[in-house]
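There are two complexes below, and they share chain A, which is joined by chain B in the first and by chain C in the second.
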Partner chain A sequence: MMPAGVKRVLPQLITLAVLVALVSAVFPDFLQLHYSDGRLIGPVIDVLKRGAPVALLAIGMTLVVATGGIDLSVGTVMAITGAVAAAAIVAGHGLLWALGLALAAGLCAGLFSGCLIAFLGIQPIVATLILMISGRGIAQLITEGRILTFNLPAFSFLGSGHLLGIPVPVWLWLAAATLTVVVVRRTALGLLIEAVGINRRASALTGINARVILLAVYMISGLCAALAGIVTTADIRGADANNAGLWLELDAILATVIGGNSLLGGRFSIPAAVIGALIIQTINTGILLAGFPTEYNLVIKAALVVAILVLQSPLLAGDLKRVAARLTRLRHPAPATKKERASP
Partner chain B sequence: MLGRELAAEEHAARRAEGHTEAAGEPLLAFEQVGRRGHIEPFDLSIQRGEVIGMAGLLGSGRTETAEVMFGIKRAHSGRVRDVEGTDGGKGADELHLRGPRDAIAAGFGFAPEDRKTDGIVAELSIRENIILALQARRGWMRPIPRAEQQRLANDYIARLDIRTSGAEKAIGELSGGNQQKVVLARWLAMNPRFLILDEPTRGIDVGAHAEILTLIRELTAKGMAVLVISSELDELIAVSDRVIVLRDRRQVATLVGEEIGLEPVVRAIASADTHTEEAPA
Partner chain C sequence: MINPRRYPLLATIAIFVIAYAICYVQFPYMLSTRVAGNLLTDNAYLGIVAVGMTVVILSGGIDLSVGAVIAFSGVFIAVMLRDTGLHPVLVFALLLALTTAFGAAMGALIHRLGMPPFIVTLAGMFLARGVAYMLTIDSVAIDHPFFDTLQSTYWLMPGKGRLTLIGVIMLLAFVVGHVVAHRTRFGANVFALGGGQQTARLMGSRVGRTTVMIYAFSGLMAGLGGIVFALYTGSGYPLATVGTELTAIATVVIGGTLLSGGAGYVFGTLFGVLTMGLIQTYIVFDGTLSSWWTKIAIGVLLLAFIVLQKALLRLGTPRASALG
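Take a look at the complex of A and B:
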């Protein structure tokens, strides 16, 4: 028997392994690693680093999705928080101010969406759409319509630096995911989130403060988006209000779903969602490395995603089990009755 | 539905038990509590160890009364006094029930009528469903240790005879009666002073029926007050010390002691003006 935690992420791990094998088949150097100049270099490290923004977003998205909600605003919140950080640096404030203000902006964005959802009862998809649409405008107001560039090595370190040979963004998503898993599983927060996601009314009747839980998950999602925005901004040493985090909310939702988390809410797994983010990045990088003409990229990505979702579908899993059972029966025919046992 | 002989037997057993040492002490007083469009202002005082039955036709305001009492729907008028432990109600605390959390903090419990939509959290395990209210009261920062959760779950599975292959089974996979027992276990784990049961035996097999009625008797013997809403009059009569009858969102009768019987209850439910033809026989 393997531990329940490993069993839960097994489909995602297998998918990732198959993808890595596929990419290696068309690009044999995919798993090559070099150590030079105090840092590890190789396509795999590149996947881990470039996957950082979506991995960070997927952490918050998983908690939001567990409550039966969705957060469409995370991509633009990345743009807002990046703009806030860059503006703070350009205005002459130091690293701590830039980080503090960016994280606070992310929390505020989550608080805004969370209030609309928890207190006004607005549907999550509509409530977060507001910020998704208006957020780029807010970011442009902060950057005054320009790409705000800055030079602060301590801040750029968060996007392009290395620690123990590994890019800092990788440490950031690893730390954020570990911290979040510890917080939700070592406290009762995870259970309460799942309860609210499965049955909000029954949860409220048992005395769970469902509003506070909803507020909390959108604020955590805003915080994760802020971290992703910081990483992206630090990496390119500038805040691009138009393109930072563009469409990444969709990748984050996809990562969560590939991680086997139901959009209807309920049981969730953050490690599986983060592996889902790596699966998406492996596809992105793999397509580039395989040297397909760029116009094929999105179509190939879509085909792979469809294949993954079909293979993971619970209905198909049931069918496969039935097929396997039939095959064993054919090989070892049962003596008497052929009657299928109806579920009790 | 319970056979009438069984009902009579229950009733007699209940009377024979007499009062426990705690019974009769005043616990709560609802004074002119009402909500416009839902329930006319009513008075109801509740004593420890008492079973109050609530009868009435569908739409007579029984569930609305329970929801106002548990704070799910806010009262527009009146007040609720916490009488227990205060001298004759002097200086009694007024309870402000702005939501279920306030009611739970005051020691109330509520097993709703619609188990599937309002009671169980279907995909969570029996263990998680049992500890849910307890955990909500402790707050998310202080998780109940896993060993303690397992002990509680196994304890209630044995005590309430919940038929399951284990505490980790999802509650949605259980039969209606066993789901209801888990919901009851959830509240018993909270050790409430006042438990509201809305149609506790609806959609449950006869065996579980009797078990739940027995359980109600045991609980009140320990001093808990229970309000039972039921459409099954035999059962309501069997288990109640006092029967309140609602009609058209208004309390129309209170029956005590010898008055509790099928005919007086039916007469109160159906009396005079409307609805006579719908009265259950």
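Take a look at the complex of A and C:
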């Protein structure tokens, strides 16, 4: 028997394994790991590290999607928080202020979108579109249109440092995912989020304060985006308001959907979404390692995404079941089924 | 008595007129036909794409692929004209057939797989831009006598303003979009679908066929927008018009169409596009504002419109959203 937790992420794990096998077939060294200079080096570590921003975003996105919402603003929130952190460092405020201000900026962004959705009843896609469009302008306002560079080893450690041989961003998304899973699954919070996502009205009638739940998930999403923004900014030691987190919201949503979470809300799985983020990163890194011309990246990505989505499609699963049932009926004629039914 | 459903549309028009008046007070030259002509020319491709987007959003869907389709169209035209001896008109026809089929395929996937339009059209966006990259990664200039003629076609308005061909194409696209959405059986089906798939099915509307046609229409408009964009820039570039789909969605919302589908006007979108263009023109006229203020202004405008719509809806149905 398989534990329920593993069973839930099995499709994603199989997809990831198939992808890894595919990439290894074209690039045999994909699974090789070296230990040198006190750190692990290898394509797999690279995937884990480069997947960090999307994995972090996917954690918050999963909670948002579980309430039936969507957060388009996370990419620009990354740009804003990165700009805030860099501006704080450039102004000489030091590490703690930079981190604190960046995280606060992420929380504020989440609070803004959350208020629009929870109190004004605006559709999540529009409410977060506002910040998605204007957010990059705000980030550019903070950096005054330049790329703000800084030199603070303690801060860059978060993006390019190593702890126990593993890159720090990997620890960050592992910690964030574990913490979130513990918080939502060891308390009733996860259940409440699912209840709001399945039927907001019914959940309100059972006494759940849907508004607080909605505010909370968008603020968590903002916080995750802030972490992702810090990692990206620390990695390149500069805040690029134009390109930081550009289109990562789409990757995060894709990761969530590949993780088998319905965009209509309801049951969710954070581990599956994080594996979804790794699937996307494996595709991205794999295409590069396999030596395809970079022009082909997007087409291959599109084809793989469509293939994964088709395989996970609920309607297709129904069709396949029907076909399978018809086949078994053909193989076992009617009397045989009757006998089967009779036996307990 | 004015129909309350028209309030968002009227608000859009009122805000456009007021904004134009404010601009006029500051810069009297804003009212000239030259500025008006440029407003149409500069936003032609956006307007055409927004017509398709309006129909998609009226049905409760979304199409994220249009920006990538515009880029693909430009590259396709440029490469075909460079490498083959085909006449531009033939290339245009080929392109429109291709993008329409592409949209139809996305619609079929959405309907057959029961996948959310957001994800299917996201994959479509990757695919269209990816194919554009495969055709070329460089910016390709378009050089063809017939193409040049189209580019330099314009009608002189009083006051020396130029009404360009692409501006006229945009206005025609809005007329066609209006007729399709508000005057045909297909349009009625679109509105029915926007009101809810289940109800549409119960009403006897053919949901599958309508879905395919909606996304095919959006694909057609994106292809047309691509042709206009190619005429506007005179080249094809696979990295062009990144994020146009979001601008188009924003214009549709500013134009008074509800993103949940089922309510809105195609002509509202025209004013949404013009309002956006006006903000950009104002920033150019002012000269001291940085370009990022455009984004912030559009975000604020979007927020204002949505809150306004929400307030109007609350007034219309006072009890429905009490529990929310």
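The rule is short, and it goes like this: the second predicted complex is superposed on the first by the 318 of 344 C-alpha atoms of A that agree within 3 Å, B and C clash if a C-alpha of one lies under 4 Å from a C-alpha of the other, contacts with A are read in each partner's own complex, and residues count from 1 in each chain.
Methods note: contacts are C-beta pairs under 8 Å (C-beta built on N, C-alpha and C of every residue); 3 or more make two chains touch, one makes a residue touch a chain.
Just so it is clear, the model here is predicted, and its values are computed rather than measured.
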Request  = Identify the partner contact of A:Tyr296: answer first if only chain B is touched, second if only chain C is, both if each is, neither if none is.
outcome  = second
Task = Could you say whether A:Glu194 touches chain B, chain C, both of them, or neither, answering first, second, both or neither?
result = first
Task = Applying the touch criterion given at the start, work out whether A:Ala204 contacts chain B, chain C, both or neither, answering first, second, both or neither.
result = both
Query = In this superposed model, does chain C or chain B come into contact with more residues of chain A?
reply = C
Query = Can A:Gly266 be said to touch chain B (first), chain C (second), both, or neither?
reply = first
First (chain B), second (chain C), both or neither touched by A:Arg186 = first
On chain A, the residue positions that both chain B and chain C contact, one per complex = 201, 204-205
Note = Listed in rising order, the residues of chain B that touch chain A in the complex are 70, 72, 99-101, 104, 110, 112, 117-124, 128, 132-133, 135-144, 186
Query = Inside the complex, what are the residues of chain A that reach chain C?
reply = 70, 116, 120-123, 125-127, 129-138, 140-141, 145, 200-201, 204-205, 210, 250, 253-254, 257, 263-264, 294-303, 305-306, 309-310, 313-316
In the complex, chain A residues that touch chain B = 186-189, 191-192, 194-195, 198-199, 201-209, 266-267
Ask   = Can you list the residues on chain C that touch chain A in the complex?
value = 62, 64, 109, 112-116, 118-120, 122-124, 126-127, 129-131, 133-134, 137, 246-247, 249-250, 253, 259-260, 290-296, 298-300, 302-303, 306-307, 310, 321, 323-324
